[in-house]
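All chains are identified by letter, namely A, B, C and D, in their written order; residue positions are counted from 1 within each chain.
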Amino acid sequence: MIRVQTEPFDVGAEIGAFCRAGGSSGGSTGGSVGASIGGVATFVGLVRDHRGDTSEDAVPLQALTLEHYPGMTERQLERIEAEARRRWDLRDVLVIHRYGRMEPEEPIVLVCTAAAHRGPALQSCQFLIDWLKTRAPFWKCEETPDGAHWVEARDTDEAATARWEESLP
Amino acid sequence: MIRVQTEPFDVGAEIGAFCRAGGSSGGSTGGSVGASIGGVATFVGLVRDHRGDTSEDAVPLQALTLEHYPGMTERQLERIEAEARRRWDLRDVLVIHRYGRMEPEEPIVLVCTAAAHRGPALQSCQFLIDWLKTRAPFWKCEETPDGAHWVEARDTDEAATARWEESLP
Amino acid sequence: MKVLYFAWLRDRVGTGEETIERPADVATVGDLMAWLAGRSEGHARAFADPALVRCAVDQDFAGLDAALDGAAEVAFFPPVTGG
Amino acid sequence: MKVLYFAWLRDRVGTGEETIERPADVATVGDLMAWLAGRSEGHARAFADPALVRCAVDQDFAGLDAALDGAAEVAFFPPVTGG
């Protein structure tokens, strides 16, 4: 499932519900083989309190605003989910991505994947976050004491996605 | 942090607290660079409701009992955590591993890692679960309608750990 | 045809959306970028370095050579930075 | 010296813990396995296939060649299956 929203979300409550829903939906298929979940992998992206990674270039971050392309965002995220389900045998997928203004420590994105074993759960979680970093139409604007700055795309993100194009699951 | 316990734990509450603690501990270091968390990766291992992966060999699972080696378990898990922190720049690590009897859908193990960026968080989470599968002294015994069966170690788990020995972070 | 701008392209153009009449000789995304760049100083600055600009035609990523026949909505934006 | 057994080794031996007086010529983990196998039918079944048995000396994994000098606690168990 894909959710694109401005509202903050409760990371613990979402993951807890995801684990329970997976379990019960597994049960509701009447004990069919493989309905049950052995592993859930999740990734949470949070707003950091600074930009830059070293003491020299660090600047405090007051807030982050995410702009997105309504319509295309949902479409791309649904495709990314479908691609993950095509590559791995997944019991359930949840992606929540926020847009709008958010402050340090607030969650930006949540990816959850459930599978019979840990391999598919962990790999598909990494795949989903790598892909949405380069395929979902969001743009980050950082508020710092110097003013607002659009974040530049990182080559390493593009490389992380490219990796998945070479190697099928 | 390492916790070895028989009591069930609330996956959502643990992960929610982990995300919040990471954030606030980041803040409490007085704004030092890199104190803040950009990514949290987690893995939850759950008791499945059957053993076997295909219709042919599937047997319903009534319960799972984990035996462990008290003392050595904590020691090994602490080493595994230290090794992860040596390989990656992690802000926080939590591993909870249960022992004793548990029923389908109950959580067995939780691994959480927090880092400035998604790469170290996701990689170290995978590393921790791979390593504890082959280095932490736990043994699973499955209760099925046929009786109790000790689970055999999987070659794929050994291979997953060996992978980390070849490639430094 | 509707043209959308996001992030710093929107800032430079000065609007997030405009409706244009596409001239017959503007056949591809690349043609459209060149044509739009001539509409105002802001447009010119937005498209000053085409290598920094990405495009979607009817909400699918599209390259410079993509044809605009039948397109209802074209969007220009920098490389995405979500997640 | 304390000897511990876990999982199906415990089931076969019939106890999870025993205290032994190690003979002088039992110098390594491998020696100890061979010597323990002679203690009872259950012990013999536990150590019937040494390739299936793993060992820890004073709570650290140890191979067949590991020396037992100074060891206070030796544990035998199948390959681990946690996580």
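Criterion: a contact is a pair of C-beta atoms (placed from the backbone, for glycine too) under 8 Å apart; a residue touches a chain by one contact, two chains touch by 3 or more.
Chain-to-protein mapping (UniProt): A, B = Molybdopterin synthase catalytic subunit; C, D = Molybdopterin synthase sulfur carrier subunit.
Nothing here was measured: the structure is a model prediction, and the numbers come from that model.
The centroid of the Cα atoms in chain A and the matching centroid in chain C are 27 Å apart. One simple way to say how far apart two chains are is to compare their mean CA positions; for chain C and chain D this gives 72 Å.
Centre to centre, using the average C-alpha position, chain A and chain D are separated by 47 Å.
Contacts with at least two other chains are made by residues 83 of chain C. Under the contact definition stated at the top, the residues of chain B that touch 2 or more other chains are 45, 118, 129. Chain contact topology: the protein chains form an open path, each linked only to its neighbours in the line. Pairwise chain contacts in this structure: A-B, A-C, B-D. Contact residues of chain D toward chain B in the complex are 4, 6-8, 56, 59-61, 75, 77-83.
The touching residues of chain B, when paired with chain A in their complex, are 10-17, 19-20, 23-24, 26-27, 31, 33-46, 48-50, 52-55, 58, 60, 104-105, 107, 116, 118-119, 121-122, 125-126, 129, 156, 160.
Against chain C, in their complex, chain A makes its touches with residues 45, 66-69, 71-72, 75, 97, 108-109, 129, 132-141, 150-154, 157-158.
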